[in-house]
Amino acid sequence: MTILDVQGISKSFGGLKALTNVSFSVEEGAIFGLMGANGAGKTTLFAVIAGQIKPSGGSVSFRNRTITGKRPDQICRLGISRTFQIVRPFAGISVLDNVIVSALYGAAASNSHAEAREAGIAALEAVGLAGSADKLAGELTLSGQKRLEIARALATGAEMLLLDEVMAGLTPTEVEEMIATLSELRRARNLTFMLVEHVMGALMALSDRILALDHGVPIAIGTPAEIAANPDVLKVYFG
Amino acid sequence: MSSASEPLMTVSGLSSGYGPVTILRDIDISVAPGSVTALVGANGAGKTTLMKAIAGLLPAWSGAIRFDGKDITRVPTHERVGQGIVLVPEGRMVFTLLSVEQNLRLGAITPRARDNIGDRLEAMFKRFPRLQERRRQLAGSMSGGEQQMLAIGRGLMAKPRIVLLDEPTLGLAPIMVKQVFSVIEELKADGYTILLSEQNSRLALEAADHGYIIENGRVQLSGPGRELIDMPDVRRLYLGR
Amino acid sequence: EEPVRIGYSMSLTGLFAQAAPSQVNAYELWEDQVNAAGGLDVGGVKRPVEFVTYDDQSNPANAVRIYEKLITEDKVDLLAAPWSTPIHLALAPILSRHKFPMVGNTAASVQLREVAPGYIWFPTAVIPDKVGEELAAFMKSKGVTSAAILSNVLPLSQEIKSFLVPALEKQGIAVPVNENYPPDIKDLTTLLTQTNESGADAVIMLSYPSDSFLFAAQAKELGVKAPFVLSLIGATFGSYQQALGESVNNIVTVGHWSPNQAAWPKAKPFFDAYKAKYNEAPDALDSALAYMSMEILQQAVATAGLDKEKIREAVSTMTFDTINGPIKFEGVQNTMTPTSFLQIQDGSLELVWPDSVKTKDFRPKTGW
Amino acid sequence: MTKLNLDIIGGPLLVLAGLALPFAGADYLMGIAFNLAMWIALTQSWSILSAMTGYVSLGHVVFCGIGSYVFILTNGTLPMPVALACAGLAAGVMALVIGLPVLRVRGPYFVILTFGLAELAKNVIVQIETSLGQFSRLIFDAPALDTLYFIMFGLAVASTAAAVLVRHSKLGRGLVAIRENEEAAEAIGVPVTRLKLIAFVVAAIIPGIVGGVLLLRTSYFEAAQAFDPVISFSIVTMAIVGGMGTVRGPILGSLAFVLLSELLWARFPQLYMIILGALLILFILFMPRGLSGLFERREARR
Amino acid sequence: MEFNTVSTQLLFAALVAGSLYALVALGLNLVYGTLRLLNIAHGDLVMIGAYVAFWMLSLLGMPPVLSLFAAAALCGGFGWLIYVGIFRKLLSTPALARRLEANSLILFYGVSVILQNGVSLAFTSTARGYQYLNEVHRFAGVAASGNRLMLLGVALVLCLGMLLFLRFHLFGWSLRAVIERRDAAAVVGVDVDRVQMATICTGFAIAGVAGVLVSMTEQITPFMGFPFTIAALVVIVLGGLGNIFAGIVAGFALGFIETFGIAATSATYRSILIYGLFVAVLLLRPQGLFGKAIQAR
């Protein structure tokens, strides 16, 4: 079943066309990969889906409901949560409090503090941050903060997570752990993911389907194997 | 000119940290002139902290840093830049509200870097054409990877003698990663000295003449890059698969 | 002898701070003089006086609290007045509640009359309705036929204006320009150009200190030609003439005291003593009012002692002999002193209206 | 635990002491207590918006001023309690109306904008009064100090209770998230605009009523006084001296400020502003967590 | 013809008002830009400058032109003192610096209270004034007193000079780097400490100079500074905090809007006009007229 349907999204910044007529759909429970060179428009696409950027054209629907034009918090409460490529932790409060707010306000929108705390701890455990629960979020290393981004998105109770380069800055060993973590999450919680990653191994290993963008234009969509064999993609992406 | 056998930079017995928290303990490192030296370690090992201490952004609590035969442990950051120690920081730290070109020009603000800025700017644009396309765009509105290129470009504008590259490929597409590593090769060929911290440990160690494995703020292992790659422990812990 | 303690609060900081020194100086001069003369005559016994003072930060709420403290905590024997109409008004209920008499001074508003007579009195003759009426009469007598009115929006200015405009109409004086401006005005070019163009032969500047200065400087620059120029508050300050010099010669302002009124034998000695002590002339409004109010209190205490009710009785009924001549209250108001006007004439302040008290003849303003 | 104990015992004790005070019979003491209650009410309400969301307002006096004005307009026509309610309501409505556009502005811009807004409101009211031919307005028949004190005390308690409730509620968590990073908060589902607006309105109502009560105390209304920016500055000062992180902060800050000025007044009537200024600087530099920080350290040690 | 006279006179008034706004705001903007400290005591430095001129003239008979230098030295020295004494250390530690920035408003409120009351204690709050260059010059349909001409001249020269200096001297680039991002400035090799020290001294000195100029035309009191602080804040917020050029433009713009706004409507609306404009600008452009904003990524 299609959970997310993106139709003809375009976005320009002044004269720059960051996205041109991008369409695709994502199946429930799938991991949908997004690749493209730097500046291809991946983060912009996430921001459009999550409601932070109003597209110049096109529409996005989630579970057959149009969400274009809705505010980010509304979209989140409908069940889509994104992480930020350039991390934005709530730096001055504890790691645990970061995820508790998420659980209180996100899609699960719990009104019970105890419940939210439980959901939060579960999210921290899922990404391996449980040990740092009492640290201030600002004191985490960059990769720690990336994990926190995931945990916060998870704790909202969203059905669909948009993860923007959460593996950047991890050692290969850590990347492997992260791959395991995401697969486990998908299985255990039946989540749908969209993934932006430059760590190709991870993207290929995790994705069911991948969309490749070049200067905001979709140039290929298909299984990892198809994408890996696509000459256009090879040219613009791997050189 | 220091002789080839003499290191360009040595860090000895360095410890440092944030507030009350000690991060680096008794670090010893030496960087030979014209070499690429890699720092490898898990997240939170202290690589960034070490880079900052070398750049002078964090004070050394004890130990010493020598550069080109002189003790620079107490020298402030801007003078270190003036002597050619240039940090390309993790997280980029570009001047978000200034244009790409202004960022690059600011890179060349020290006296040693002030001659023929125009030419070097053009050279930089050749190296990173995207920067040229966007020379008037505000740095903060560039994509993550574009900002990373800008940070590297800005660092090179300072005419460094040693470049401290902290995770220079973070968030870069493979094509750009390749390009950064070829830049590293070029720089090395041009006689620059490079200290590199990189999560892509394999690539880093492959490119490096010498590598240091950092764990919990201490140097755990060191040796020529290739040798480190072949050590089973290193493979298991840092290289994956 | 145990000293008689007299409490007051002053706006040493805040909005009104620059007015405080004139009043404090007068109080302290009075204190010196009384102590030098062997003390305050308390129903026949001479006792030294001392002040208990606080800063109210120009805030009526603080002043209320301070007077409560003075009355109930410090248990002072007598009270002296603070500065400004708002603070006087805020104090009235407190004084009634504690049945503690206080002779006011630097307050001027028709609203004062709405205060229930009892424990507070207002010796000033600068009450807006009277000012309006008298000013119109004064202008008429000097042959003014049209007047430009520029007024600050602060209460006293506005209140005076509200009485002045109808009074001018009654006297048949036209008002071609009637404009308001806020207290933080920085430039009067537009208003003064308008004034000049109207050809009005009087400019009535209902100003406060900072805009009084601004007005004088810019009037000179733009060459205001009217022969009758009044500036409301600030022109009696020592710094006014110091900063503006010759150019403010012949400017008219409100006030009912001048050292040169021979009919008031105490006036000149007060002026001299003040000048000797502070090396500057007393403010003809605030310093004089403050000193007067102490004289009234002094004379009341001499007959009534320190009993509050007796003092109240005394202030309400006696006639006092002050630097401003005789003063007597009806209800809360001083009815003896006529509402008058001063003019700066070659460096000194002369009473020029009404004829009954004038010390010099009015002179038209001929230039800046 | 100790923290809880302290509040559980200390809170009711304070309330009891506050209620008993008028029976001590000293006007002067009650005057101080009135002031203390007023500052607590104001600072506590300010902290609901500013300490929680990081939108530091330098124009909190605007709500007092509006409250005062509405009160003076309605008092006499309406019974006093109703007029007070109107004052609070008016301040709340004003916050609701201006909140949306105003709360889009952030950081130092917000600080200065709020200051500008208060000045704008002041000047508009001055203008209205001038065109109505009103110069200043007097209140006669104001209730006695003890009555006013009880009202103000009630406002302090209400304001504190509101602060406690907000802080420990879901709303409070959302506000803190907004303070830490607004975009991220929005991305995890926090309806930032709505929460900010709620905080803004909640923070406005009590100062509105305070404005009315204060008028009864001075029995005099004049716009320049009612919107005196020093009030806004004092509020921020007390909040910082008390410590921005806790509900205790505003209480400690107000207490310190009121006691200190009382002490300094008595000893150095001329120097007290200078000393206050110096203390303020020392606090900012050396005691960033304010007085409540002291408590916490003590508690942590136990 | 009549209209013409009026408008040149108005133009002059607008220029004088604008140049004073621009000058006072310039000092504040420099300090805010580099140190991220909102110096609410800025106007009190103007006041100090005014007192310097007054006392130098009254006690030593020194002409106010010379006081321009004396006031600059005194206020600049004060800036140096508090930088070296307090800020240097705090600003070099990121955690402390952040806290300081957040609380700078209140910190300087303390400084302001001390300056105002210190001066009031030392010299009483009596208003002061002196006569200097108050002869009236007439040219091109404008009547102008010498002191206002001097104010205009000095302010224009200082504003322009500062702009040119920042544009063409390398220091301008360093300053820009620090204004944009202090941590990154150090990384590119800017001596942040020196830039900060220089700007705080310059900013304070400019305020002192403005004070001397103001004292020639206005009365001097210990509490005269606050309106200048407010005007300067309004100006730099309109321009965009830390944007030196835009701040100067906004200063002149405010002078013109105020003067011609009053002429077009009525002086009654002066404050409503200014604050209304200010509030409206911020509501429409939350980062100021020339401010830039970028989307989160």
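Every chain is named by a letter (A, B, C, D and E) in the order it is written, and numbering of its residues begins at 1.
Going forward, a contact is a pair of C-beta atoms (placed from the backbone, for glycine too) under 8 Å apart; a residue touches a chain by one contact, two chains touch by 3 or more.
For reference, the UniProt names are A, B = ABC transporter ATP-binding protein; D, E = Branched-chain amino acid ABC transporter permease.
Quick caveat: nothing in here was measured; it's all calculated off a predicted structure.
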Please state, in steps, how far subunit E lies from subunit D along the shortest route of touching chains. 1
Other chains in touch with both subunit C and subunit E: D
Indicate the whole-number Å distance between the mean C-alpha point of subunit B and the mean C-alpha point of subunit D. 51
Using mean CA coordinates as chain centres, what's the gap between subunit C and subunit D in Å? 36
For subunit A versus subunit E, what separation do you get between their C-alpha means, in angstrom? 48
Subunit A and subunit B: spacing of chain centres that average the CA atoms, whole Å: 29
Going through subunit C residue by residue, note those that touch at least 2 other chains and give them in order. 12-14, 153, 180, 182
Subunit D touches at least 2 other chains through residues 123, 127, 130, 183, 270, 273
Counting only residues that touch at least two other chains, what does the list for subunit B look like? 141, 143-144
Which part of subunit E faces subunit B closely enough to touch in the complex? 95, 170, 173-174, 176-177, 180-181, 183-184, 186-193, 292, 294-295, 297
Could you pull out which subunit C residues touch subunit D in their complex? 12-15, 53-55, 57, 59-61, 64-65, 68-69, 71-73, 85-86, 89-90, 92-93, 97-98, 109, 111, 114, 116, 153-156, 158-159, 162, 180, 182-183
Where on subunit E is subunit D touching in the complex? 32, 38, 86, 90, 99-100, 102-103, 105-107, 109-114, 116-118, 121, 230, 233-234, 237, 241, 268-269, 271-272, 275-276, 278-279, 282-283, 286-288, 296
Under the stated contact criterion, what part of subunit B meets subunit E in this complex? 19, 55-57, 76-79, 81-82, 86-87, 89, 93-98, 102, 105-107, 109-110, 113-114, 138, 140-141, 143-144, 154, 158
Contact residues on subunit D for subunit C in the complex? 26-28, 31-32, 34-35, 123, 126-127, 130, 133, 135-136, 138, 140, 142, 144-145, 214, 217-220, 222, 224-225, 228, 230, 265, 269-270, 272-273
